[in-house]
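Have a look at the structure that comes next, please.
We just call them A, B, C, D, E and F in the order they show up, numbering each chain from 1.
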Amino acid sequence: MTSRRHYIFPTLLLSTILLSPTHAADFCVADLTTQTTSGYTCKNPTNVTADDFVFTALVHSGNTSNTNKASAVPGFVQQFPGLNGLGLAVARADIEPGGAIPLHSHPAATEMIYVAEGSITAGFISGASNVVYVKKLNKGEVMVFPRGLFHFQVNTGKEHAVGIASFSDSEPGVQLVSLAIFGNDFPSFLVEKTTSIDEAEVKKLKALLGGSG
Amino acid sequence: MTSRRHYIFPTLLLSTILLSPTHAADFCVADLTTQTTSGYTCKNPTNVTADDFVFTALVHSGNTSNTNKASAVPGFVQQFPGLNGLGLAVARADIEPGGAIPLHSHPAATEMIYVAEGSITAGFISGASNVVYVKKLNKGEVMVFPRGLFHFQVNTGKEHAVGIASFSDSEPGVQLVSLAIFGNDFPSFLVEKTTSIDEAEVKKLKALLGGSG
Amino acid sequence: MTSRRHYIFPTLLLSTILLSPTHAADFCVADLTTQTTSGYTCKNPTNVTADDFVFTALVHSGNTSNTNKASAVPGFVQQFPGLNGLGLAVARADIEPGGAIPLHSHPAATEMIYVAEGSITAGFISGASNVVYVKKLNKGEVMVFPRGLFHFQVNTGKEHAVGIASFSDSEPGVQLVSLAIFGNDFPSFLVEKTTSIDEAEVKKLKALLGGSG
Amino acid sequence: MTSRRHYIFPTLLLSTILLSPTHAADFCVADLTTQTTSGYTCKNPTNVTADDFVFTALVHSGNTSNTNKASAVPGFVQQFPGLNGLGLAVARADIEPGGAIPLHSHPAATEMIYVAEGSITAGFISGASNVVYVKKLNKGEVMVFPRGLFHFQVNTGKEHAVGIASFSDSEPGVQLVSLAIFGNDFPSFLVEKTTSIDEAEVKKLKALLGGSG
Amino acid sequence: MTSRRHYIFPTLLLSTILLSPTHAADFCVADLTTQTTSGYTCKNPTNVTADDFVFTALVHSGNTSNTNKASAVPGFVQQFPGLNGLGLAVARADIEPGGAIPLHSHPAATEMIYVAEGSITAGFISGASNVVYVKKLNKGEVMVFPRGLFHFQVNTGKEHAVGIASFSDSEPGVQLVSLAIFGNDFPSFLVEKTTSIDEAEVKKLKALLGGSG
Amino acid sequence: MTSRRHYIFPTLLLSTILLSPTHAADFCVADLTTQTTSGYTCKNPTNVTADDFVFTALVHSGNTSNTNKASAVPGFVQQFPGLNGLGLAVARADIEPGGAIPLHSHPAATEMIYVAEGSITAGFISGASNVVYVKKLNKGEVMVFPRGLFHFQVNTGKEHAVGIASFSDSEPGVQLVSLAIFGNDFPSFLVEKTTSIDEAEVKKLKALLGGSG
């Protein structure tokens, strides 16, 4: 067919660029066995399917039957390997009335939360000025928490609340303030000296949060 | 009070670092009057409030009374200046049954979509292999579209669908395939020569999409 | 010899820094067997020679005996492993009179073209404003196509034209508009819905460009 | 002189590149009046002198006559504008026996400390595993605290200790754990809910650290 | 017209994203009056034309009537403002037989040279191993010089040679070894002490290259 | 215990994020056997201890019994694997009176030096303007040398001097001007042609610095 021959050029023209089955510059689905300074090495692209780019674990809430009355389900590169190197991660937070996602920071990422259900009172603390920026967010509103700064989400409303968080790195990391101080073997005399929290409170919180030392 | 004097140190100790009212290393709310290669210059931090970090325009759907039966409401740095330099942007897509967000790419960002209501059939096309990765996403599912690649979202279901998209840059940019080709004064003979689409179709689409030339 | 002892210091002084045969911070010639989010792991530097930094495939034109009357020879990291991690790639385009490099984008890189022979009419389309920037380039002129945006090169002159393109990443990627839409199994009803191109034209182009579905 | 003419070439040859008095690609001494997402705009290079690249404020200790028995003198871009955009900052910490630099993080930088005098017990807490890495450092030893993670320095020895810290960004930022929680108007009920620290302790620490609410 | 109304959607749908005349996320043509750590602030995009993306100064050779028998014409951001922030720069080198582009480095960029005419013997020196990688390049061949390393180009052939260089940054910078040492007021005793070049040679080269002190 | 159950939430709440023994997003201690474009792959975090973040080799001076009367002890990623990917490196320089760290550059990093003992006359040369910025630094003073530019340190005082250098990359690299030109097999005729240094001096320096050719 003349016209077919006429238009077949792109395959010919670009055959040296395209259709290379052994590598894909477009994405790098993580092979979680080898970590690098900027993520993981890539899974062979010939084994990649659409499912590698889809994450289904946020469909359901995590278990909020804990004192915090809250749950967090992460979709970071370890859970969602298709994100490797793409500069994004995701998580779902469920908070019952009176519950809270504790004060924490993400060492490597900015977080942005979208309120999918209910309302969430959220805030962060500036390092430069020590100002606390707090706002009650209603359904459909979005708040951003700049990278590395302490922030929190609390349900001060009367309904179950759901937040969908996105992050500016596929490995945002997380550091929970109280768990980092009281939930390990950080020696109590160092905790006291470096936080001004008194001995009795340190011991009590270590007992409560599973810490020792 | 002795103990107050006892604990007052951090203010003294770090007063040279903290409490600098004229600059804030933590964030850089955009002053939209001066653009740089990586965003905008910063608004004076003394004028920044919690509202600068909150975006409310996604509460409601855009107008879907168009042939595409879809709307997109962006929360990029131009609409949400608090994102400046933080590596994230957001958008809300509403798609009626049978509607579509047309084929497009974001030159500067990866996109990730969370299905907040209904279901969305979404996909992207690899540049390296020309493979099309398509998946029907149900409520609560997430799909990622690697940076720069063509992708689309279609509502093949029977309910109104809402997607919340996040992006890996506060200025993701957007390039709509058909609008870029047919919705401007891109000379028709160049369109034909560089796309293989024939003259009659080019003329028809230019007429439909507002193009000339 | 006294003076030799006198000046021998740098070898002594810096022997712990220099002359480490097992690693080279200066470059990272790709070992194409393991890909990471930012290129490939490095070939052992003791096996590296000057030839690793030289690329000879651009000496000759590719085959322009196709309807497009054009050829493209890439020197990306997969063809030229010495570029790995160095932020550059190269390609040679040959275009006969009336020929064209089809409309395409590079998801990960800016392109800059130098006209080595003949003349080339080139252009790109802004995503932000939808403006088409087109210019006829004579021998020795250079044009830049910002990262991720659609662009093209056409020979509207009467001589064979040669362009030497450089890119801002060793893996620029490439996405050809028509091939991405019509040269694979992208379902026709999704093509129509997401591009506004009508059914007959979609079928015709799929047939011509090797697509199905 | 023949030979002078003979060798004068570089000035001629490169006169279009070099000797441009109105801009300097090499450095960008901060003009602190305009902040961008990645530092500050540049001071006119014709007004730059060697003094712009030298910082003398670390010659002396800060005042350690406070309960913390410690001082910190920063050399960040705001104090040392020559660092703008160069990816480094510096600080001097002095700690008396029994004193401490409180638990803190740098949202935007890794820190590395060199013990210039005495000994310092230092540590950081992993976010991923909650492990505390602690070590007593003697004079001349160096420890690194990865970006964004909580860390501290304590003088458990008997001599005055001096640490010279360097940072991987000219604006590392700083967030002191106790000051961020108790030294501002962060509402007490939110502190309790998001840290598990009990009401009495929160009130006591707010009183001590100058907080309210 | 029904069909026109039928297809007009993209303008409606995306009107909040597109067609913003006051900013353009796609590019940032330099306004050379204000420099930042990563380039320059942007010219108003409404004043941008296709000419901003085209550079014509490489059409002709620079003047090679100097002892070096060579010329270099740069197309860095200062000469070609459209490159601002796009990660590329360009230059043309002309070298007569027996001529040379002197030993130099680019502090901020990798260089890649394409031989457009004649032949060029080029090379660079590894910092890690002190190995010299040298190669004679014929017309159409490409060599890469990794960022920051000393390199040179010499015409050891019998024809005029032309090289087109591209760089991985729009401000690659340049540091010529001999000019940096001998072409300014770098005190001779410091030159001798830090290079091992003896006093007589230092004085001779300072005289030849316009230096003093 | 009721209250323990009451506070045990963070472990429950965040158990999917934290306590993953097989990966650590916080740091990436180098496994020196596999190099990538941005460092090395990571050692298994379960084998990481506090010692991986501590570097003790700077406690003592290197050997200054050489003509340069100087020594340099590096703490780059190859010597201090805990720095991998963290954007910092360190080194100790000892310089006897009359000694010097020769003119050199770091292809991949800015350097900042803190004078720990004695005094050091240091300087760097701008590429853009060819200006030499020199300053005598006393104990406690800091100077910064922008990335990629030639710089040096000389002891013009009467006491032993110690400098602690930090760098903006864990692999700063180093290129010593005289050693790069005269300490290898860089052919003499190319040295002469590309540096203007005359034949006799080139031969003398090659003999002194161990070069050939």
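In the analysis below, contacts are C-beta pairs under 8 Å (C-beta built on N, C-alpha and C of every residue); 3 or more make two chains touch, one makes a residue touch a chain.
For reference, the UniProt names are A, B, C, D, E, F = Germin-like protein.
Please read all numbers here as calculations on a predicted model, not as lab measurements.
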Contacts shared by chain A with chain E include exactly B, C, D, F
Taking contact as defined at the start, I'd like the list of chains shared as neighbours by chain B and chain E. C, D
Which one of the chains is farthest from chain B, going by Cα centres? F
Indicate whether more than half of the residue numbers at the chain D-chain E interface occur in both copies; give same if so and different if not. different
Comparison of C-F and E-F (more C-beta pairs in contact): E-F
Far-end chain from chain C, centres as C-alpha averages: D
Just curious, how far off is chain C from chain B if you go by their C-alpha centres, in Å? 27
Computed distance of Cα centres, chain B from chain A, in Å: 19
Report the inter-centroid distance (CA atoms only) between chain B and chain D in whole Å. 34
Any idea how many Å lie between the Cα centroids of chain C and chain D? 41
Touching two or more other chains - residue numbers and ranges from chain D: 7, 18, 20, 23, 25-26, 34, 36, 38, 41, 101-102, 107-108, 123, 127-128, 130, 134, 146-149, 173-174, 178-179, 183, 196, 205, 208-209
According to the definition already given, which pairs of chains are in contact? A-B, A-C, A-D, A-F, B-C, B-D, B-E, C-E, C-F, D-E, D-F, E-F
Chain D to chain F touching residues, read off their complex: 7, 18-21, 23-27, 45, 49-51, 53-56, 58-60, 75, 80, 82-83, 86-88, 90, 92, 109-110, 112, 114, 116, 123-124, 126-130, 133-135, 137-149, 164, 166-169, 196
Note which residues of chain B are touching chain E in the complex, please. 32, 34-38, 41, 62-63, 66-68, 70-74, 76, 78-79, 101-102, 107-108, 171-174, 176, 178-179, 183, 205, 207-210
Considering only the defined contacts, which chain D positions touch chain A in the complex? 100-103, 105-108, 121, 123, 125, 127-128, 130-132, 134, 146-150, 152, 154, 173-175, 177-187, 190, 193-198, 201, 204-205, 208-209
Chain C-facing residues of chain A, complex: 3-14, 16-18, 20, 22-23, 25-26, 28, 34, 36, 38-42, 84-85
